Each structure stands twice: as C-alpha cells, then as structure tokens.
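Both of the next two complexes hold subunit A, though its partner changes from subunit B to subunit C.
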Partner chain A sequence: MFIYTVKRFALAGLILIVAVTAMFLMIRAVPGDPVSIMLGPRATPELKASLIEQMALDQPIWKQLLIYYGGLLRGDLGIDVFSGRSVVDIVFQQLPYTLEMIALSVVWSAALGIALGAYAAAHPNTIIDRVAAAVSVSFVAAPAFVVALLALLIFAVQLQWFPAIGVGEGFWGRLNHLVLPSFAIGLSWVGYIARLVRASMLEVLGEGHIRTARAFGISERRIIMSYALRIAILPVVTVIGVGMGFLLSSAVFTEIVFARPGIGKLVIDSITTRNYPVVMGTVLVSTGLFVLSTAIADLLNALLDPRARSTK
Partner chain B sequence: MSNSRSELSIILRGVAKDPLGLIGLIIVGTIAVSAIFAAWIVPYDPIGMNIPDRMQGPSAAHWLGTDNLGRDTLSRVIMGGQVALKVALPAVFGAMAIGLTLGMIAGYGPKWLDNLLMLFFDTLRSFPTVMFALAVVALVGPSLQTVVLVVMATSIPTYGRVARTQTLTLRNSEFILAERAMGASMARILGVHMLPNIIGVLGVLAAMDVPTVIALEAGLSFLGLGVKPPTPSWGALLKDGYALIRQTPWLVVGGGLPIILATLGFTFLGESLRDVVDPKLRKNR
Partner chain C sequence: MSDTLLEIDNLSVDYETERGDLKALRDISFDVKKGEIVGIVGESGCGKSTLISSILRLTAPNTRFRQGEVRFNGDDILAMTERQMRDLRGSDISIVFQDPMQTHNPVLTIGRQLLDIQHRSKATTAQKLETAAKMLAAVGIPDPQARLKQYPHEFSGGMRQRIAIAMALMSEPDLLIADEPTTALDATLEVQIIERLKELQSEMNCAILFISHHLGVIAELCDRVVVMYAGAVVESGDVREIFHDPKHPYTRRLIECDPGHIKTRARILPTIPGEVPDLVNLPDGCIFRDRCEQAFDKCQQVPALDKLKEGHFAACWLNHPEETTA
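Up next, the complex of A and B:
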C-alpha cells in the first residue's frame, strides 16, 4: 500500500509538471507580444518595461519556465496585472465559494442517488425500478448549465421561491442561495450514482456472504442496509473523485448563471479583461485540485478494495 | 461492402427494437434532418432583424416568439441545430480517429511508447474540460474552429484509453499471432485485423460523446466565448435569453430544450447501441 501511494502521487506530480509546462508554453506561443496584449494598446513604455521586468519576459524561455516553477514551489502564482495583488490570494479567496457549492451538490445527489440505487437493486425489474432507470438516464443527460438556467427561470424568476443571484448573508441566507445552484450541479449525478449503486449492489447481493446471511434468516432489510450497502457504495467514492473535473466545469457555468462569486466567475472575468496571470493561476489551481482528488480517489479505492492495487 | 451494409441494418434493427433506442433514433433523426434541411424549413431568416416585432411572446406567427432584435426564435433554434452538429461531428470524428490511432499504437507498440502516450492522455485529461477550453479560448480568441479543436483535444484521451485496452486484450489472441507469424506488417495488423474489432466500441463511445460536445459548445457560446454572433447557436439563444430573462424567457426555453432533447436522444441511442454491439458490456439491465 505504501509503494502504491508513493507511485500514485509520483504520477500525479508528473502529470502536474507536464500540464504546467504545456500551459506555460502555450501562453508563450501565442503570436504577439504578451505585454501589449495584457496592457492594451495605450500602455506607456514605462509600464510595459516594468511588467516585462516583473514577469521576466526579457529572459530566455527556459529561464522563464524555471522562474515560474521557482514561484510555484514557493506558492507564488504571480501578480494580478491590474490590482497588483498576489494571484494566490485572489484565487484562494474565491475558492471556498466554489467548494461549498460543489460539496453541497455532491452530498445531496449522492444521498439521493444511493437511496434510489439501493431501492432499485432491492426490487429489481419492478415498475419502480424501470421508472427509476429511465429517469436516471434522463437526468444524466441534463447539462448543468441548462438545468441552472431553467431552474433560474422557473424557481427564481417566475415562482420567486428562491433568490436569483448572489450568496446571501448568515447561515440560512447562504443555504437559501445555494439551493438552486447545487440542484443544477447535482441533478445529473443523482441518476449516475443511482445506476452505479444499483449495478454494484446487484453484484454484491449475488455473493457468498450475503447468501450465508440470508440462510441465517437475517431480514432482507438488514442485509441490504448493513451488509450490502457498505460494499456497494465503494464505486461512488471513486466516481466522485474522478468527477471533480466535471464538477468544477459545471461550477463555472452555474456561478455565471447565478452571479455567485467563485473561481468560475473569477476565470471568466479575468478572460474578458485579458488578465492572463489570474487566468493561468485559476486554471492551475483547479487542475491541481482535480489531479489531487483523482489521486485520493484511487488511493481510497485501493485502501478499501485491495484488488485495485495490483492493476497499476 | 454488402456485408457491412447488412451488418449496419442488423444493428439499426436491434436498436429500434428497444423502446429507449427507438426514441433516441427518432430524436437524433429529427435533429439531423432538420439540421440538413435547415435553410429550407426555417419560417423566417434566422439572422434577419425585424425591430417592430421585437420581444414578442409565442404566437401563431412566431411559435417560439422573437428576441430583442425581432428575430424569430424557432428559426434560430432550427439553424442552431445545424451549428451544433457542425461543431459536434468533426470534433467527435476527429477525436475518435486520433484517439483510435494513438490508442492502438500504445496498446501494440513498445512499452516506453505506451507509457509516454498514457502520460499524454493522463495530462490532457487532468485539465477540467471547461477550464482548459476557457484557457485556450482566452489565448487564441473565440471561433467555431477553436471550439472544434478544444472539444477534440479534450475527448482524445477517452477514445485513446479504450482503444488501448481493446488492443491489449486482442494482441495475444490467436488470429493476431497467426497473422504476425505470417509476417504481416504492424500497419496491416492494426488496420485490417484490429480495427474492425475495436471500432464498434468506439462508435458507441462517440454516440455518447456527442451530447457532451453539444453541451460544451453551447456553454462556450453562452459565455460569449464560442461561435460569434449573429450565428444562431443554442448557446447564443441561452445567452440572449439570460440577459433579458424577465422580458424574453421563451429564449431560454427555446435554447435549453433542444440541448436537453439532443442529449437525451444521443444518450438513449448510445446506450441501446452498446447493448446491441457489445452485449458483454451490458450489466444487469
């Protein structure tokens, strides 16, 4: 397990290094002089010179890359061109808003999905199972930002049950503002998780120890709740970890639709103002989050299911 | 050739027998037909402005109302389907072709090449899709081609990994060993013998991938970073509708429902195709 952990994190580190280098080279490969693009045509020569010095643009490219890596190691992602604030500060100030929205989405959709999946597996091929299956596929299909827009239109604009924009004040206010966004992000996960749990539950229910438990006369309800479910929800852990990239992507749109602060709003705002250091910093932090959550999901999976360790 | 045609009709018949597959086939067929003949069936010019008729709700003259420039929403929805497929089809087929080639090479070639390609796939996959798309669009500017390229790049790893796994399981099967013993070249083995065995699974993957691509294109256009106005796209409709959500909510419905319908159609079709093409993948259904 120790060797697997080291290997998995080494792979994650390698992926991040390649990703950072690729990003960096891509930005430098864009035709035109980055300084004029960032500052616009009316920048004074002094301003340009100071930015060139600040971003080390007068150095050869490999040296720039090393300087950037040096900064990364010290937790420095550069400076916001406009406000002069550190990019790390800006990104980590916005990140909690995004994470709380994603966390709430995952919690409600996983809870409902697991319940639906377990119920369907306990009553296979009944009408409820079939309906749940069809609904699951349909929910999987709904892109988060379309759901977000329709939810905004129906529940905020027309019915006015929930606030349309912002984050709100106090615990209940904040929660109230989170309802529609996390509904939009979580909806497609309900069906996905339900299908996953149903399939893995049916597999577990066919195994020997469950048959033994049945032979002992333990109630079906207890078998499902305390024996089968514990094993059947393992894949959910992996899927949520691997789905982090997907969740972050949904969060970008949802934040725009509901005008919530967060890294999605940050990256879009920075793109429209051509604030490259902030764009790059946000993309890197979210990539890092994604790589980390995938690695943790793999490790958890290996910890909980020893068979997974040997595959890689 | 006649052989492969009869195979296709067998697959289609199998899909049509499954109720969900039939629904999927009908939805996808409708979208495809209306996209192909869009120019002839639109009731109005999708980019023609008509200021006196602006911001009208649904009526007999404009079934889905008009936007703030008086453009007919239904016409824009139909034309938007064409734009969606123009992005989705090249992106999906491009990604499939590249992913298939790289994946087969990774599965069949030397170990170091395999490791290198896997690292490439893993890296490409490690960017959250939308963040990657936004970074590229920020750098090179929004356009239809950019969207196609970005979408293609992000889905290459999926096809690559599946093609690699399939190649790995096939490479030691008897008919490949026999072919190798007869001195067939790598290109011949991969192209003539492996490809027909892998393409079915990838085709299923492609059908399932189309909705993701359509949603991404719509999402980028919604953010104003996809296809440029006045090109009618479902995402652009959502953008216009969102800006005036209190005045012209029918734009949000007009842009949102086709995306959900298209997603449903392609997902149903893909699921049903999977059951027909590869019954082994069918799990406890």
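Up next, the complex of A and C:
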C-alpha cells in the first residue's frame, strides 16, 4: 500500500509536469508579441522593457520554461502584470472560495445521490424508484449555469430566500451565500450519482455473499447499509475524483453568475485582460487540484476495498 | 411428537424466462427425519440448488412456486411471512452455499461477519468473538483469533468453505443444508471436510441435507439418498439399497460413471451420454427416455414414483414386470 501511494503520487507529479509544459507552450504559441498583447498598444517602451526583463521573454523558449520550473519549485508563479502582486498570493487568496463551494456541492450531492440510489436499488421498480429515475435523468441533463441562473432568479430575486451575489461574512454568512451556487453545481451530480449507485447496488445485491447474509437472517436494512453499500459506493469515489475537472469548469460559470470571487472568476478576468502569469498560475493550480483529486480517489478506493489494498 | 423434521410435498417450481416457464422442479416429495443425513444427487442442472434455495425461500426473483408445500416442524414454509422466515434462517435452518469464493462479503473481516450472524445472541461482543474463534478452530482453522481480523480474499477456497461450515453450525441448527460444499475443492480437502462434518453432526445431532453430484461422498456420509433428474425425483431410498440395488437406469448410470471411492476421485468424471432435456419444452413420457438404453413402448407415458419396498421408491416402468412383457 505504501509503495502504491508513492507510485500514485509520482504519477500525479508526472502528469502535472506534462500539463504545465503543454500549457506553457500553448500560451507562447499565441501569435503576436506577448508584451504588446499584455500591455496593449499604448504601453511605454520602459514598461515593455521591464516586463520583458521580469518574464525573461528575451530568452529562448526552453530557457523560459526552465525559469518557470525553477520558480515553481520555489513556490513562485511569477508576478501579476498589472498589480505587481505575486501570482501565488492572488491564486491562494481566491482558492478557498472555490474550494468551499465545490466541497459543499460534492458533499450534499453525493449524500443525496447515494441515498436515492440505494433506496431505489432496495425497492426496484416501485413508484419511488421510477420517480427517482425520472428526476435523476432530468437532473443529469441540467447544465450548472442554467440551474445557477434559474436558482438565482427564483430563490434570490423572486423569493429572496438566499442572497444573490457575493460570499458573505462569518461562518453562517458564508454558508448562506454558498447555498445557491452549491445547489447549481451539485444538482446534476445528484442524478448522476443516484443512477450510478442504483446500478452498482443492484449488481452487489445479486451477489452470493448477500444471499449468505440473508440466509443468516440478518436484517435487510443492515444488509443494505453495511453489506452492500460499502461495495456499491466504490465507483462513486472514482467518479467524484475524476469529476473534479468537471466541477472546476462548473465553478467558472457559477462564480460569474453569482458574482463570487474564486479561481473561476479569476481565470476569466485574467484571460480578458491577457494577464498571462495569472492565467498560467490559475490553470496550474486547477490542474494540480484535478490531478490530486484523482490520485486521492484511487488511494481512497484502495483503502475502502481490502482486495485492492492487499494487491497494491 | 413426530420425528419428521422437513417434509416436501408435491413441490413444483418454475423460473419465468424469455423462452417461457422453465420447469426447474416438478412434483418433488421427500422427507428428512430429525438427525438424519439425506443426500441429493443428480447431474448439474437437475434442480438441486433450486430445491434447497426453495426450502429457505432464497430463490431468484423470477422464481414462481406453482404447487406443493415445504413443511418444517409441521409449519408450511411457503406460507410464512418474511418475518417468520427470517427467524428460521440461520437459527433452525442453516445453509452452506455451493461456491465458497462467493459466500463471504469481500469488504468485511471474517470476524465481523461471524459476529453479525450471532445477531440473535445476547452475549457481549467479546463473548461472540470467542464463540467465533472456537467455531473456526472446530472446523480446523489454525490460529483462529488472528484469522478473525482477516478478509475473505486472504483465505484459500478450502478455508473459506470451512468458515462457511463454521458459520452454518454456529447456531446449532436442527437442519443443515449443504449445497455441493466440496465440489470446488480437491479430493484430500474433500475427505477432511466430510470427516469433520460427520464428527460435528454426531456432536450436535442435527439433520443434514447434503447435495452433491458425487456419489462417493454421498455413500460415505448419508443415511438416505434422493436421486434427481431434470427437476424430478427418479429414485430414493436407503444408501445401501440405492448403491447395491438401484432401480432406475439413471441411478445405475450415475453409479457406473462414479470412480467409486472418494479418495480416488478423478478430476474429469466419465459422463452419461446425452444431455438433460430442455426444461422449458419438456418431452412427453419418461423424462429420461432420450438417454435411456432400456426405453420401450410404455416409456411414452410418465412413470409414477412407486414404492417398491419399505423406504425404496423409483419411477421407471422396468419395475413393473407386467408392463415389460406386455
């Protein structure tokens, strides 16, 4: 298990290096002189010169890449072209807002999705199962930005149950501001996870060991909760890990609709102002998050499944 | 008080399939007395597993009980509520399933599973674990305390089957059902497990319904035998009667095809030519007719399971001399 963990993180690091290199080359491949693009046509020559100096733009590209990696190792992602602040500071200032929004979305949607899926599998082909199926399918089909807009119009503007924009202050204030964005991001996941859990649960319930549990008179409730569900949720862990990329892109739209700070908002803002160091930093951190979450999902899977644990 | 524990009366069970109803059991009748060991033999696909899962009502969802009764201590199991059924399972009637690799939950420790099946006991967790370890020792698992902490995949097939037997005997049931408990194991292990089962049976004095397609094992262990073919009982009786004076051609073929003593069991058994008939579209007449070398005119009609002498029944026209000569 220890070796597996080390290997898994080494793989994650490797993926990250490839991703950073590709991204670096892609941004440099944008046609035109990066300095004029970033600073606009009216920049003074001194300003241009200092930017070239700062970003080492006069060096060959492989050297620029090395310089970037060097910075990366020291935890330095460059300087914001306009404010002169460190990109690391900017990104990590925004990151918590996005993370709390994604975390809450995952928690509520996974909890509800697993409960719905398990219930449906335990009562297959009943009315509740069919209603759950219909609702799930429509949830899956609903894109986060549409749900976000509708939720904003209905619950914030019309009913005024929840605040429309911003992030709020203090624990309850922040939580209150998180309700609608997390609802928008999580909704399609509820349906997706419910379908997934129902299918894997039905498969598990047909397995021999469940029949053994029944043959010993163990209650159906206990069979579902502790004998079947533990196996049936294994694929959910993987799906959430891999779904991190999807969650981050939903976050971009949601942060714009609800005017929330966060790395989604940051990446859009920095792209429109061609603030490349910030774009790079944000994308790098998001990619890191994605790679990390798939690695954690794999490890969690191995931990939850003793069969996988002993072979890894 | 009667000494009959389990009575199966005219039981017919179908599986609903896309091709139509598959008649897995037809008009099955036999008894198991208290403390008796009854063997059920027949090739694979003859309905042995269907029969024993019907006794515990743990059948697949597409199962339909068409007729008959299954009485345990006089009460009809097929008429019980799910609640009453649960009270019976794993306390008065226990079962060891066919495939030891599928029997245990892969993500829970063996200890946890042995603990959970003692849910009726009022003992403390420590006492239950003590009982579990004792049972594992009783079926010949070394170092049981440590092994309780392990997961199923850390045990071999033979070990898992021993654990399954330990689980089934834990509640000291009145009836133990074992579905080919040794089929997946090699011959030496088979001998060991059968010996152990015999010892435990004489200690606890429970009845055993032992399913096998291996006659040697049945001869070693059982008091009585029920021979099944294509969902029906074709012959039943005392072990000695059946082995020394079989009254049905199918039983005779099974005995001829069996290597005899269980210690010399071959990996590939000689088989009876032909196949079990399609249970969706059953042929007319005697069910064994396609494969029977002695079939004659009369066999176009279904032979009844007749009592030939006290405790020996067979369903074959050859046992009716007036018919053979007619």
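General observations
Just so we're on the same page, the second predicted complex is superposed on the first by the 296 of 312 C-alpha atoms of A that agree within 3 Å, B and C clash if a C-alpha of one lies under 4 Å from a C-alpha of the other, contacts with A are read in each partner's own complex, and residues count from 1 in each chain.
The rule we apply is simple: a residue touches a chain if its C-beta (ideal position, glycine included) is under 8 Å from a C-beta of that chain, and two chains touch if they have at least 3 such contacts.
Computed from a prediction, not measured in an experiment: that's the story for all the values here.
In the model built by aligning both structures on subunit A, subunit B fits alongside subunit C without clashing. When the two complexes are overlaid, the chain among subunit B and subunit C that reaches more residues of subunit A is B.
Of the two partner chains placed by the overlay, only subunit B lies in contact with A:Q158; subunit C stays clear of it.
When the two structures are aligned on the shared chain, A:V146 is found in touch with subunit B, with no touch to subunit C. In the superposed model, A:I52 makes contact with neither subunit B nor subunit C. Of the two partner chains placed by the overlay, only subunit C lies in contact with A:R214; subunit B stays clear of it. Looking at the shared chain after the overlay, A:R222 reaches subunit C, while subunit B stays out of its contact range. Once the two complexes are laid over each other on the shared chain, residue contacts for A:L292 go to neither subunit B nor subunit C. Within the superposed three-chain model, A:R230 lies in touch with subunit C and out of touch with subunit B [touch as defined at top].
Using the contact criterion defined above for the overlaid structures, shared-chain residue A:L112 touches neither subunit B nor subunit C, since it reaches no partner. For the pair subunit B and subunit C, the minimum alpha-carbon spacing after aligning on chain A is 13 Å.
Overlaid on A, the two complexes show subunit B and subunit C touching no common residue of subunit A.
Remark: subunit C residues 56, 58, 86-91, 94-95, 97, 99, 102-108, 116-117, 119-120, 151, 153-154, 164, 167 touch subunit A in the complex. Of all residues in subunit A, only 11, 14-16, 18-19, 22-23, 26-27, 30, 124, 133-134, 137-138, 140-143, 145-146, 149-150, 152-153, 157-158, 198-199, 202-203, 244-246, 248-249, 252-253, 256-257, 267-268, 270-271, 274, 276, 279-280, 282-283, 286-287, 290-291, 294 touch subunit B in the complex they form.
The touching residues of subunit B, when paired with subunit A in their complex, are 20, 119, 122-123, 125-132, 134-140, 211, 215, 218-219, 222-223, 225, 238, 241-242, 245-246, 249, 252-253, 256, 259-260, 263-264, 267-268, 271, 283-285. Residue ranges of subunit A in contact with subunit C, taken from their complex: 207-219, 222, 226-227, 230-231, 304-307, 310.
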